[in-house]
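First, the structure itself, so that you have it in front of you.
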Amino acid sequence: MPGNTFGSFFKLTTFGESHGVAIGGIIDGCPAGIQLNLEAIQQELDRRRPGQSAIVTQRKEADEVIFLSGIFEGVTTGTPIAFEIKNQDAKSKDYSHIKDVYRPSHADFTYQKKYGHRDYRGGGRSSARETASRVVAGALAKQVLKNISFHAFTYSVGELSLKKTVEEIDFSLTEKSITRCPDPKLASKMEAYIKNVRKQGDTVGGVVACVIKNVPVGLGEPVFDKLHAELGKAMLSINAVKGFEIGSGFEGTKMLGSEHNDKIKKDETTNSNFSGGVQGGISNGMPIYFKVAFKPVATLMQDQKSIDIHQQEANVKGKGRHDPCVVPRAVPIVEAMAALVILDQLLLHQARKEFNL
Amino acid sequence: MPGNTFGSFFKLTTFGESHGVAIGGIIDGCPAGIQLNLEAIQQELDRRRPGQSAIVTQRKEADEVIFLSGIFEGVTTGTPIAFEIKNQDAKSKDYSHIKDVYRPSHADFTYQKKYGHRDYRGGGRSSARETASRVVAGALAKQVLKNISFHAFTYSVGELSLKKTVEEIDFSLTEKSITRCPDPKLASKMEAYIKNVRKQGDTVGGVVACVIKNVPVGLGEPVFDKLHAELGKAMLSINAVKGFEIGSGFEGTKMLGSEHNDKIKKDETTNSNFSGGVQGGISNGMPIYFKVAFKPVATLMQDQKSIDIHQQEANVKGKGRHDPCVVPRAVPIVEAMAALVILDQLLLHQARKEFNL
Amino acid sequence: MPGNTFGSFFKLTTFGESHGVAIGGIIDGCPAGIQLNLEAIQQELDRRRPGQSAIVTQRKEADEVIFLSGIFEGVTTGTPIAFEIKNQDAKSKDYSHIKDVYRPSHADFTYQKKYGHRDYRGGGRSSARETASRVVAGALAKQVLKNISFHAFTYSVGELSLKKTVEEIDFSLTEKSITRCPDPKLASKMEAYIKNVRKQGDTVGGVVACVIKNVPVGLGEPVFDKLHAELGKAMLSINAVKGFEIGSGFEGTKMLGSEHNDKIKKDETTNSNFSGGVQGGISNGMPIYFKVAFKPVATLMQDQKSIDIHQQEANVKGKGRHDPCVVPRAVPIVEAMAALVILDQLLLHQARKEFNL
Amino acid sequence: MPGNTFGSFFKLTTFGESHGVAIGGIIDGCPAGIQLNLEAIQQELDRRRPGQSAIVTQRKEADEVIFLSGIFEGVTTGTPIAFEIKNQDAKSKDYSHIKDVYRPSHADFTYQKKYGHRDYRGGGRSSARETASRVVAGALAKQVLKNISFHAFTYSVGELSLKKTVEEIDFSLTEKSITRCPDPKLASKMEAYIKNVRKQGDTVGGVVACVIKNVPVGLGEPVFDKLHAELGKAMLSINAVKGFEIGSGFEGTKMLGSEHNDKIKKDETTNSNFSGGVQGGISNGMPIYFKVAFKPVATLMQDQKSIDIHQQEANVKGKGRHDPCVVPRAVPIVEAMAALVILDQLLLHQARKEFNL
């Protein structure tokens, strides 16, 4: 309830500030007996890591995850799995100049007002660094969910937007580009555009889309914990996210019912998927498809006007090493949060399933 | 956790099927000592009622709310407030023809698969009738939140969309039109369009927007229970909702950071509000502004092809009394869910506030 | 969290004051497809009913339970099961004399201070009448848990205490006596004693013991939600309970480890059961055995000195119709709470079980 | 819900096995702005530490707590407080002999059956070593609860039992004896007795009592989360606990109502305290007084008969370094759990308090 725990059955609680000793978390509720591939978890974390390419922040963080409990002889024991990632490149000096200043469209002002006190170094707890812990837990969840696949990708950057349908996308291309857009031509344009934006000391937003395949029918808990409501909350909890839509989303509001209804075929699949794989809040076996809107990063390499904690005018200097566009690094975060939701819902569903004979 | 409870501190648990004895709920966690205006609660419910105008379903349900506990001499006692709304116009016969059939883009198929058994009369639990209970609880929450105002309105129906900014809208006009669009000219067009869609036995979607004013700074619990993540989940849990965006939303992804950042003025307000009143998951004192996408209603007055529970082809006949567009009746539901979120977060915040000296 | 919900997966939320319109509750999370025997539920409720014998309160409440949702054609649908029990014999006038007075060892004072306002009629929410809702939910839980049996019984009244071991008790005798003590001789003594205590306008306490048989191995969630911790909380939440012990309990503290350890036999049972069926917080397949201490009822048929809400001395008159000893009617309540705990834990355990291959 | 989290608002989630890398936890929901004395937290931990005296286990663990987040410049920031205690003296070899054997009255059998897999080294997660994390969180909670004092003490060891009333006890004597019994004469007898028991390779149980002073009126959430129900669950979740009673407890069941009722005086205190400071589940401002029963430690320095995981007879050898009586080291654990409950309830209560005008 105090906000640092996600999930009710496969539960992740995270901790840590961007410039503290470490970040990390505790996963509680992981089924016992799961053989883990710890290297694969580290690889997922590497997909999110700063400094991985020319279009992301050049901060250097090795971001090595260390497990402290819950795994014995490579296998989960059913007890809490704690992990930590030490903070290495925490140049606290970089932040002394913003100690008393509220950066525009950052959480400085709201944290100060809510808590009356904050760790001003690099955003502290409000830093997107926290999402590294989510990627660790999500990667672990993926291993529990062997047969379910998660395919997030860059759908748009600024005005540059994918024109393909979900069926036309070749997901094997996503990791081929540093933009994580699975359309090579568009990916090149995006890359050039992001570099140009950075040159101007500016930033730009974009959209990450995600397809989840092989989700069994029946996940999601009506009426308040509908599957897409849980996915929506999960995505909206990621830093910089301003919107979420499933299936036809906002565009679907312009359609007629006769166009929008997904007809059910004899094999129990549907011949269209405007619903995005969820009906009445419960998965229907079709691919789950949703989009997540990321605003442009608030930290600019330009000077900006603002105020300080004494309500005096202040200047925010363009300094530090930040992402010109958060979208490429957000792709593994979206997948991680999707995996956390699906596993949590699967366990919940399983609790009562056996009684339905 | 089984999905019929909303909120952690001001908690609403709802029950009831569209064609059972009654629907209703229990509100737990309401502060004691609140003088209630029960008539005002009934009035909110009337805003959602079927049969209220020419463009909604013509089902007749008096929808009278009765309180069973938790209120003594007109004042809340701090104990659970139970209420019920009897089902009156439950013409179960209307539904016998769909007993074994899965209606397209309805929850019939998923409920059948999840529970192995369902109340097929009119959607049972998956019916939007359940939202009446939310309106009761939301109306009560509004009375606790005296100084905070909730203004939901019809933003678009199909392609017909409001062109005004939030600041330009006169919220006193919302209830003047049966469409609940606060722009009289556009409202007339929407009304005509909806009538036309209905004549064709079809339905259409739309968008409800909502502005919340006077929310104190500091609500929302980082990192997973960010204020807009809670609002998003609340809205996505409403029947037929496919998308949620706050502030600049999906459009904002096309902007540059230098355009998008909300500059903070000396009085601690911002000179733009692309954030929609939330920074870092915490309210910043500016109006909270979000949009909710509703798909076209799945029940058509046209025959549709589908399958039955034996995986045989079946016909779904266009019958019954349904809404051609859910948006006008969704307006009070959006407000209700917003009020539940804000009150819940306010109570949570208050628990720790006093320690921040 | 606000205290009127029990369980995390099979969840009961109750409502209602002793002299309001009705009491009742919502059960959320009941598996679908369970064929219910509603008469058997009513029978359990009758075991708790006032006026059932000469040694309990002579209030007359029919206590008829009505189900409002979640059951279709006699079978659970997986949706919330709401129920209510109308209040009939609510002689509010009986309570006008205590409106402003704090009855000794009642909840009047604490409710007044906590909520600043209370329904003073007959204890309002603090009345043991609330436990009727628990009995309904517990009776339903028992039907889901077909193979598990719950045997609560009167272990002691005042100094009169059962001398038999658990193995020696014939549970079929429990309902043969209005005391619900399964030892006929002792039962007669208890009955006479309770009648005598009542004649003096006084009350007396006692102990209810409970044996649960056929609980599968593996229930309980270490480390905080140990099975006996959940049972303990459940029992301590019943009105008038002051103590809980499992297995050897307080007496076991005087034993040596070499006497107390339960030796495990080749068939995986143990040759003694000082643990009471739980080891490390997890059921071990042996009968679960625990005791619950009930204080003497606070309402006396004697005048007592106290104060009123203005801190002035006041007299509490001995009036009304109350139980001289709560223990006989507490027996079905203890069983009900035990069933709620076991079903909740079973569902939780089941969520992850399948993964343990 | 998976069992490793305690509290709903001031939440502690713990992790770690006795012979893994580390144990520790995350505290979520601590109010911001609390100036912490980290040394005092370490001192509490030292009260629980192995090897502290001649009558406890001689294992050597420095048990140094390290904080990883949530504290900035010595003050809590309102974000999660993570901490860890490295495992140092983890002689895993000591445990190889019990790898496949189920020790009598240990959790070996139940963990194996529940999880199908376990960390057999020294009890793994079921080891009482986990309680060190509770002491850290409890010590921190005590600092938030400045004005409330927690006085746990050894009430009995075997048959040796304190004869004083709560009012007669001088709590300043508790820490003067390694038994933590505040009666010097009795403490000496207990010490001698424990030493004698150990000489025989045996163990013995005992009772810890606890008095909490200055708890404000109004804590506890009826009806299921009564204050003493929460305390009971907290205590029963401690390793080796078999019973809990508040106020008059089991002895009180033998009293008449006319003896047991606590009369309320004009200053709103009561002239007796059989209720133990709680009425109707809510604190009444009197000292809260309860007792906790600890069974004799199951690990003996004697050979015992048992079975192994293949259901074959096996011998459990008396080896290792264990406590002959857990009670002296349990005293700070009882205080810690009590502090967690009181702070959690205080925060909950505070959330709604302001509305009660």
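Every chain is named by a letter (A, B, C and D) in the order it is written, and numbering of its residues begins at 1.
Assume contacts are C-beta pairs under 8 Å (C-beta built on N, C-alpha and C of every residue); 3 or more make two chains touch, one makes a residue touch a chain.
Small disclaimer: the values here were computed from a predicted structure and weren't measured.
Visitor: Spell out the chains that contact subunit C while also contacting subunit D.
Guide: Correct list: A, B.
Visitor: With chain centres defined as mean CA positions, report which chain is farthest from subunit C.
Guide: Checked the centroid distances; the maximum from subunit C is A.
Visitor: Report the inter-centroid distance (CA atoms only) between subunit A and subunit D in whole Å.
Guide: 39
Visitor: Whole-Å distance, subunit A centre to subunit B centre, using C-alpha means?
Guide: Spacing between the chain centres: roughly 26 Å.
Visitor: Taking the mean of the CA coordinates per chain, how far is subunit A from subunit C in Å?
Guide: 46
Visitor: Of all residues in subunit A, which are in touch with two or more distinct other chains?
Guide: In subunit A, 1-5, 8-9, 14, 29, 32-33, 78-79, 114-117, 125, 222, 348, 356-357 touch at least two other chains.
Visitor: For the protein chains shown, what form does their contact graph take: line, ring, star, complete or other?
Guide: complete
Visitor: Subunit C touches which residues of subunit A in the complex?
Guide: Touch list, subunit A to subunit C: 1, 8-9, 29, 31-34, 78-79, 144, 222, 347-348, 350-352, 354-357.
Visitor: Mind pulling up the subunit C residues that touch subunit D in the complex?
Guide: Those residues of subunit C that touch subunit D are 1-6, 8-9, 14, 102, 104-107, 109-111, 113-117, 125-126, 130, 156, 158-159, 197, 202-207, 217-218, 220-226, 228-230, 232-234, 236-237, 239, 242-250, 252-268, 270, 274-276, 278-284, 291, 293-300, 302, 304-307, 311-313, 348-349, 356-357.
Visitor: If you look only at subunit B, which of its residues touch subunit C in the complex?
Guide: Residues 1-5, 8-11, 13-17, 20-26, 28-29, 32-33, 66-70, 72, 75, 77-82, 84, 114-119, 124-125.
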